[in-house]
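Each of the two complexes below includes chain A, the first together with chain B, the second together with chain C.
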Partner chain A sequence: MGAESQARLWLAGRLAPQTLLLAALILVVGIVLGGRSSLVVALAALVAVLLLTIIVQARLRRMLLRSLVVLPVVGVIALFMPFRYVQEWTLAGLGAAYSGAVGQMLSLVLIPWTCLLVMLLLLELCSQADLLYALERLRLPRFLLLLLNFSYRYVSSLRQQLRASHRALVSRAPLMSRRRQVRLYGNLAGSMLIRSHDRGERVHAAMQARGYNGLLPRLVRQKMQAADLACLAAALFFAACLVLL
Partner chain B sequence: MSCSITYTDVHYRYADGTHALRGISFELQHGEHVALLGPNGAGKSTLMLLANGILMPNSGSVQIGQLQLTSANLPAIRKRVGLLFQDPDDQLFMTSVFDDVAFGPLNLGWPADRVQAEVQQALEAVGLYELRQKAPQDLSFGQKKRAALATVLSMQPDFLILDEPSSNLDPQGRREMIDLLQKLKQTVLIATHDLDLVWDLLPRSIVIDEGQVVASGPTRELLSNQQLLEAHRLELPGALRYGSGQGECPSR
Partner chain C sequence: MHIPDGMLDTKTFTTLWGGAVVGLGYASYWVRKHFDEKKIVLMAVLGALIFALQMLNFPVAGGTSGHFLGGALAGILLGSWPAMIVMTAVLLIQALFFGDGGITALGANIINMAVIGVFVGPFIYHLVTRFGQSLTLKVVGAAVGSWLAVVLASVAVAIELWISGSAQFFVALSAMTFWYAIIGVGEAIITAGVVAYIARVRPEIIDEGQQQTKKSLVSVSVVLAIVAALAVGFSFLASTHPDGLEFVYFEMGVGSASVPSSSIMPAPLSHYLVAGISNNVLSGIAAGGIGVILTGLVLLAVVRILARRRNRQAPALNGPEPDGR
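Right, the complex of A and B next:
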């Protein structure tokens, strides 16, 4: 049995998914509010999240690799952020602006990176079905829940469909210019929408055939208990520490 | 409890004007396994959707056991009629195989332990219990077909309406599906172009074309009638073609 399933089993029996989702959101708020004011706090938050990842035996390496996706975005923002402090557009002026903003630049990278790690940790601990259930328990509007559920389920179908359409397109148009291809992809998007609608109709029929009444049923409906409250209290305490430090 | 299905002079016209069914009448007796044959566009799928109340007839009546197909009876009818769609991707919409198979029983309001037991039984019947936590999109096509059948079996329906259960399966997958179908105890209506499956498995057949029943009777009698089959864009099953030497030998 892998580390992931051990961690999931360990937590699944004790904490409701809505608790984990709420705790993650509380941590994110704490990290954003606390890390903004101090680089030390941002670093402390990062270390704490990494430690938590190790304690619950989640796949740290996989999480770190996935989290890298945020770096190009925040890296660029951080790179240009000191420009707002430039008083004189000379090399010396730029140097001064950058040297005065190193801490802020690092915070700017660390905060979103840590927040993403928190969310990835949540994904390690909860299945997609658990997360949907958590959102339902947290009163997310039903149509949004269904939308999320089907988006997850049909992303791969959509990808396959797009790949098939792309192959059909390029196999019959080897000499087509890129410009025309782009225009054709526009048409393709239109036909994909129509196909999606058709499939949606069929899926809806299949759901109706099995007694669908607007709710996504679930076998185990976990309610919040003492352990959940303790977890939320710990998350609140940690977030408060980050903000108040 | 009566487990027959009766269609009486059923007409159905789609919103675009297509007249899909033009006075269809037939009856399926309790426990019968019947094939529904016909060319593409004959009205087979429409007929099947009517059995579950996904579509409602414009005129005529559909009776499921003692229940007349009306809006008021829909929940009761959907409890009793299991519908398997041709494309398993239409049937499997939840995030795991287990959740998908549990969807119907949970909607029926069964207690958790019964749902658990029914899901396990259905998944074991189709040989997919080990894959219960997998996402449906990660299954092979044959596995998806079997999972789709499990979603219907878990509801313990009295009637099974199956649309092309063996289509697009490789020989091994097709054989597994046939083995599964052979074990079904319910009243079963199977729409298919797989005439070999019909020949082997289903004692009675109904042929429809252009929204009407054109023939009904013992399968072996109907499928031996080459004239009838050709008139409705069907062909002799392999057992007959190769047996009578009318087809090409696959090894040649």
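Right, the complex of A and C next:
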């Protein structure tokens, strides 16, 4: 580990994952509630999240690149949003609608982007296993938790298999029509489901034989302490500021 | 199809969260009652598969691409209520671990993909396979059901964006339905492919799912009640702009003469604000919360009445047990 990630490691080690998850959720709700009413608040939230990212020495460049994925969707919605305010369908009418809705358009782009940055920052501080543990500590229904654990366990292997099969399909039949390719995806998915199901049943039986109780084991069980409460209070204070400003 | 944070306003996302929580509560109750632990493996595998398939884009016209949604497939293979939990798990993983879809918009995403998707698809599939159990009918039912599920989910997204003030209704509706009608074709082909494959190789999986769907026909009514109650919730909590009728009545001055000068009893949540809270956002949240609780109570009452009626009907349908126990 390089020296640049010390602050991130310190924070992640100091705070329980459930605290980080709760703080992220509070921030997201605060940003959504406060940002929709004012562009200044949306901008302030973005700046604050970027500052926080720098302070905890998370990988900002990586986060920014990953967050760009949300922009095409929200960009298109923001682009067409001023249509709500068009009084008459002429160039002048459109121009007036767009000039009056610039602030709203920017807010509509900034809020989802900032919220995604918050969630990506959470992922920088917590591993996915930590997040599952946090959900367990936050009393998510056991049944749903069990399903999340299993799905999380199978996702990566299924994704790898699916990509390998897709590569094989494309390389062996490059001239196949799109329609036939899509139909083959169906067969591919069906066969993968059956194979995974059969294997999953065997693995499940084996896991139960070894004492599996529906949750993934974790060596360290972190409880909430004073630092966690301080972090939650700070998140609540910041979210309240965004809403009340 | 995944709505990010910030696209929906407070009253819309709180109402949809409320509807999703009530639906999920009933789904987990139903699954605990009817499902054994072995089925969880199938649910988890299906969840992971849908997750993986959602990452695989297929080409759509005009150089764009679409991805599989999977709600209809999950509904056909597992039955609607278990499929709702599977889709919710997929959406939760996507929102928390991959930033795909918002946290505040998760309720809306659950309603769009984990309620509309998993009920419409199996319902159409069940309707078509009533005419026979041939492979062709199964494939047709799966294809039509999944296509319709995708298109209706896109209509729901357009309505939610419109209610939230993020999009103009006809622009959102035409754009969403146009693209998702095309993407739905890919969804239909993949779903039909999976159903055809499983019907040939392991038909018992589909038959079990269909039995669950038959068992939960009441559940379709409950979901319709959820949607209706949500619509009522929306109309209570909707935009501060006048609706079409109000506009004609008040803005155009059509009915102003017939409107009484003061109402008999003031509305408790007039203009979607709670009296005594000066901050508009907080007041709107409080009004939304009250609306959600009221909607939830109505839904709970509906579910209780349906469950009680079913329990009363069950002994009459089964008849007395032969050995008198």
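Convention: the second predicted complex is superposed on the first by the 225 of 245 C-alpha atoms of A that agree within 3 Å, B and C clash if a C-alpha of one lies under 4 Å from a C-alpha of the other, contacts with A are read in each partner's own complex, and residues count from 1 in each chain.
Criterion: a contact is a pair of C-beta atoms (placed from the backbone, for glycine too) under 8 Å apart; a residue touches a chain by one contact, two chains touch by 3 or more.
Remember, predicted model here, so these are calculated numbers, not experimental data.
After superposition on chain A, the partners chain B and chain C are accommodated together without colliding. In the superposition on chain A, A:209 makes contact with chain B only, while chain C stays out of contact range. Within the superposed three-chain model, A:128 lies in touch with chain B and with chain C [touch as defined at top]. Using the contact criterion defined above for the overlaid structures, shared-chain residue A:150 touches chain B and also reaches chain C.
Once the two structures are superposed, chain B and chain C can be ranked by residues of chain A touched, with C on top. In the superposed model, A:35 makes contact with chain C only, not with chain B. In the superposition on chain A, A:223 contacts neither chain B nor chain C. In the superposition on chain A, A:61 contacts neither chain B nor chain C. Of all Cα pairs linking chain B with chain C in the superposition, the shortest spans 12 Å.
Residue overlap on chain A between the chain B contacts of one complex and the chain C contacts of the other covers 128, 150, 152-153. Here chain A touches chain C in the complex through residues 21, 25, 28-29, 31-37, 66-67, 69-70, 73-74, 76-77, 80-81, 83-84, 86, 107-108, 110-112, 115-116, 119-120, 123, 128, 131, 135, 141, 143-144, 146-148, 150-155, 158-159, 162-163, 166, 178-179, 181-187, 189-194, 196-197, 200-201, 204, 243-244, going by the rule given at the top.
Contact residues on chain C toward chain A in their complex (touch as defined above): 2, 4-7, 9-10, 13, 24, 28, 31-32, 38, 40-49, 51-53, 55-56, 58-59, 85-86, 88-90, 92-93, 95-97, 99-100, 102-104, 161, 165-168, 171-172, 175, 186, 189-198, 201-202, 205, 279-282, 285.
Contact residues of chain A toward chain B in the complex are 127-129, 132, 149-150, 152-153, 156-157, 199, 202-203, 205-213, 216-220.
For chain B in complex with chain A, the touching residues are 49, 52-54, 75, 78-79, 81-83, 85, 87, 89-96, 99, 102-104, 106-108, 112, 115-116, 135-137, 151-152, 155.
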